[in-house]
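When the chains are written out, they are named A, B, C, D, E and F in that same order, and each has its own residue count from 1.
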Amino acid sequence: MRPDGREPDRLRPVTIERGFIRSSTGSALIRMGETRVICTASVEEGVPGWLRGRGQGWVTAEYGMLPGSSAQRIPREAARGKIGGRTHEIQRLIGRSLRSVTNLGRLGERTIWIDCDVIEADGGTRTAAITGACVALVDALDAMVATHALERSPMEDLVAAVSVGIVDGEPRLDLSYEEDSKAEVDMNVVMTGGGRYVEIQGTAESGTFSREDLDRLTALGAAGVASLVTIQREVLGRRA
Amino acid sequence: MRPDGREPDRLRPVTIERGFIRSSTGSALIRMGETRVICTASVEEGVPGWLRGRGQGWVTAEYGMLPGSSAQRIPREAARGKIGGRTHEIQRLIGRSLRSVTNLGRLGERTIWIDCDVIEADGGTRTAAITGACVALVDALDAMVATHALERSPMEDLVAAVSVGIVDGEPRLDLSYEEDSKAEVDMNVVMTGGGRYVEIQGTAESGTFSREDLDRLTALGAAGVASLVTIQREVLGRRA
Amino acid sequence: MRPDGREPDRLRPVTIERGFIRSSTGSALIRMGETRVICTASVEEGVPGWLRGRGQGWVTAEYGMLPGSSAQRIPREAARGKIGGRTHEIQRLIGRSLRSVTNLGRLGERTIWIDCDVIEADGGTRTAAITGACVALVDALDAMVATHALERSPMEDLVAAVSVGIVDGEPRLDLSYEEDSKAEVDMNVVMTGGGRYVEIQGTAESGTFSREDLDRLTALGAAGVASLVTIQREVLGRRA
Amino acid sequence: MRPDGREPDRLRPVTIERGFIRSSTGSALIRMGETRVICTASVEEGVPGWLRGRGQGWVTAEYGMLPGSSAQRIPREAARGKIGGRTHEIQRLIGRSLRSVTNLGRLGERTIWIDCDVIEADGGTRTAAITGACVALVDALDAMVATHALERSPMEDLVAAVSVGIVDGEPRLDLSYEEDSKAEVDMNVVMTGGGRYVEIQGTAESGTFSREDLDRLTALGAAGVASLVTIQREVLGRRA
Amino acid sequence: MRPDGREPDRLRPVTIERGFIRSSTGSALIRMGETRVICTASVEEGVPGWLRGRGQGWVTAEYGMLPGSSAQRIPREAARGKIGGRTHEIQRLIGRSLRSVTNLGRLGERTIWIDCDVIEADGGTRTAAITGACVALVDALDAMVATHALERSPMEDLVAAVSVGIVDGEPRLDLSYEEDSKAEVDMNVVMTGGGRYVEIQGTAESGTFSREDLDRLTALGAAGVASLVTIQREVLGRRA
Amino acid sequence: MRPDGREPDRLRPVTIERGFIRSSTGSALIRMGETRVICTASVEEGVPGWLRGRGQGWVTAEYGMLPGSSAQRIPREAARGKIGGRTHEIQRLIGRSLRSVTNLGRLGERTIWIDCDVIEADGGTRTAAITGACVALVDALDAMVATHALERSPMEDLVAAVSVGIVDGEPRLDLSYEEDSKAEVDMNVVMTGGGRYVEIQGTAESGTFSREDLDRLTALGAAGVASLVTIQREVLGRRA
């Protein structure tokens, strides 16, 4: 039995609020259970030095947690003067995930900054960030099409992500913090609207997992991502 | 005429949402016009080294702006590896303001961390942070009384703050970003529920101001703070 | 009775030694009682990036305390690898104060670096820094006129500053460290030679202050600044 | 056809030199093709603060690349003053991988520092680091058994890792730098001597991958890891 | 002919002003020509961690240059967030030099912080710092004897330093900045009052030097240090 | 009697392996007893800003120790976020030493990065680094001649270095770590193939040394360097 009574293959309640930050051309507040993340997409002319002159764009992501987002206060990384290993890893994952569905050539020499800030944390913040940021990115790119900065959107598909894991020997979808902290195996699955994999990261901190476990977890993740993409489409007013 | 048609002595629409972060014992989302700030108060046992052994507590504040909180993206201080001068100044101001109404002796050897994170910025973020943080602090301390960690709350009064300024020669209350960026004089006024000053900071970056200007601005600020304290009392369900 | 027997409305003995650093085109050693600050003004061609191309200059300030400037050694900020909040606040105050009397357009695309280094600290270091730095700045700009780098000096007035405060219930001018550390209210007043306000910062760390206190302190500060401007004029060999 | 003529399912030539650093109780130089990594394991009494008092130990890893390890010099992270995101990610991966086969309770309140320093880089440095570090860790723990610091070794299995990827549409084992830089999909597989998964990280930076791709890559990786474990056993003089 | 007309074996005019910082128990302002350095010695109970429990003390030094100390402004190391290589080297040299004449056992578990801050720089700042700091240290330790914190001073001798160099093929004593910047060989000689070497650092940045050059420079340095020690003794009111 | 039974004037066994890093155009692994250092020389077009436009090149050095290079693990400077004083000092020494034998004008506007990374440390790492780096530099510059990037090599001589010291009152050549840690005087001598001094650094951390000691140590060092240059010549296949 899960702490909130959910079936093993069920997501927590999900809502995505488009345009949560009015001054931003692309933003969303995603909520998955008690986890809430503000996602924004900001466009900047130009690209990082190593990419200059190749006629293509870049999508990069930054991630943070508000100190008060968790019952136990999280020290501010700005105050510590450096970004921790976990944050780096998450930032890189979000960036890669969004680039996988963006045609960087069509974007032109521009950088999209994706910012994902967790305002309340109850597990699955990095996967919620990817799912919410995808909506913000769609809107920011559509706004560029609307102002004729781009001829058509460089987004080639949607992308969403979910966590799965093995808790008390049972494969489960969309772990809460309580479940995550005692999971034997933890896996993040990032997939496109078209059902192809972008990233899969499975980790057994305590113990190990078998080939069969891997198969069950990836199947569970694929189903979860499919549900999230359906929600993204509804929110964006798109057909499948 | 002000950009949003307000009278010179009127606040923008103000709302304070208590308990915005569920996992926090004291939190508030304050909105003043388009400016929105999440404020949380977290209790930690113990005090900074220089205060140890004196039987009194400490209230300290941190402040941040989400990168996407403004139309022009704000680089993340954690990524730059250091906190800028403006942030330091604001953090110190918020901390002093809240300590002025807290009986640190009655708090005992505990530290209250106040976190103010701007999710959308349209001027007056530091004063909104003080006003919102006061509500979060009241709730966090009341929760300690409810669990008998404290016998009675160390809060001795409420505290609120507002910006005033001279724009196009006219003294105005509660400047928006557009007004603030062209103000001749900018002043922040922090006062208690009892109508006494806690802090007053008036600055003329371009030009200077007279004794009469000073008097007019402090009067305008006092009236604005009085209105904010009334709102705090309503939100907290308190009588004057 | 004050620790050094002064009347409440008296400054400590003040001296300003022009040209204290021979290799500098503008420098001063200001002494207010036991407080001593070396102030220099260095001219650099060009302006910060955000100001480029607008045909105007910039005045910026840095402030430091020698570790041995106080009986209790002050750790070196360079060794700690970052500048503290108090230093940031002071640097910004000094910069704003000097810019308020400088015609930045007439300066052209140049940056003036003001450095204020406290060699002995006994209260009022930031206000002494402003008063001393003003003399250094006058000399640096006059030297540019002398070498025909500028047609006439961009200085439009003098600027000076003083601290005032309430100690043992009594408003006092120019607090020493001993008085400052037990003051109920502490205020810094920055004014021009013409008697207009540039900045006013009043803080009640313990307790609060009334409208009447504010009036008394600003009056005391205005008189103190007027005396300092007279000394600046004498040192610079100028008529009122 | 691969650049070095290998079959798609073949490892590069692998050697592991035990005891490469004489002053270290556990060290190894691993070579996979032109990639060479020095791995050491150092024992320190005590554990990080958050683990204190629980009677268990910790295994943590650090990773670096010598600036001259690649034809294009790699700037030194110590000189830049911070560790990059890629390094953080690798360090965390190595640490998790080794902890998965170490009985931390049996280790007692000690920390094992694993250091992996790449002296020549030609792809697959992080997986080589894991495979080499496992040998260094076995030796460091066996040395503690030999000196009676431990009754028996906390190592419960061996662990090894390899990269696999899809290059020109073909799944391949153990990519060189040249292959890695043009791979469509890149995956790292970490497994135990017993053939169970510890970590699997598959990434499609350009494009995406299907369920079938995932299956082919994990099979290829499992075979590669099995060969590496055989080499580890030979080097360590152990039977299967 | 030297720029200031001195003979090759002559020091610049030297003065040492004891007690330059009134609040400090040991301080000196040393002037060698236009070079001026403020030196202070501050006593702190306790020693660095690695020395704890051995019953002996420590003498450590920090060095800085005021930004305005040179005609070309020197960026503040605190603002850059790190201490440069040259500063590190100088700090270590000053610390070693003073430790060489201090009986650390007799000092007990205390740390003496030596701070040397250059207020005007015209060559030879590190050697002037050593010579001036020695006087500050004598006074700080004598003050401890006076207050019975120590039975007798741990200073076992005086120490002084001077620069020598080869300029235009000629060995010269006590180089000014102008000479130093074109010297073929530059050497710093640190010696005790008793005429023994503490440190000798000779460097040929452009070109090299012979055994004969080395002999001539060390002789010149020894004579210079002897003169400086005579001045130290006069200032301190000591007999040879 | 020395710990390893050597005569006071004997070097430890020395080997220099050219081309240790295959991907590097100039590299060497130097071994002196148990001390091993990997040295590489990397060429970069362009020079630091302060040297631009003068038509000459630059040689700069970085130095590091692998954490596992010593029995007691050395914390990684990249993890601490800053480079320590000792490292800075060594880097500057290596850079100066190699520049002394390089004709920077003939190099043209290029920077040579010398990296010296200690993989095992048993005393004398900085002097071994200089001796090994010289070989790497010769090879990197010869490779540029071979590809016609340079007409002829800018190397004008060889350079090598050795440590000498007084241990138990006896002057000794090439100290091991055990000897170094109890030496009364420690000196590093850097000389050219032609027998001229480049740098001499003698330090007495405990105690002092006489003129006679200085003479004996420099003679011992000169003989040691001469032997090392002979080895460099053999390795490089050059005649004296």
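Following the convention adopted for this analysis, contacts are C-beta pairs under 8 Å (C-beta built on N, C-alpha and C of every residue); 3 or more make two chains touch, one makes a residue touch a chain.
Because the structure is predicted, anything quoted here is derived from the model rather than measured.
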| item | value |
| --- | --- |
| Reference interface C-E: repeating pair among A-B, E-F or A-D with over half of contacts shared | A-B |
| Whole-Å gap separating subunit B and subunit F, where each centre is the average of the chain's CA atoms | 59 |
| Whole-Å separation of chain centres (CA-atom averages), subunit D against subunit E | 50 |
| Centre-of-Cα separation between subunit F and subunit D, whole angstrom | 33 |
| Multi-chain contact residues (two or more partners), subunit E | 81-82 |
| Neighbour-by-neighbour ring order, given that subunit E leads and subunit F comes next | E, F, D, A, B, C |
| Subunit E to subunit F touching residues, read off their complex | 82, 84-86, 88-89, 91-92, 96, 99-100, 191-192, 194, 196-211, 213-214, 218, 222 |
| Subunit A residues touching subunit B - in the complex, by the definition given at the top | 21-24, 27, 34, 38, 40-42, 44, 62, 64, 66-71, 73, 76-79, 81-83, 87, 113, 115, 117, 119-122 |
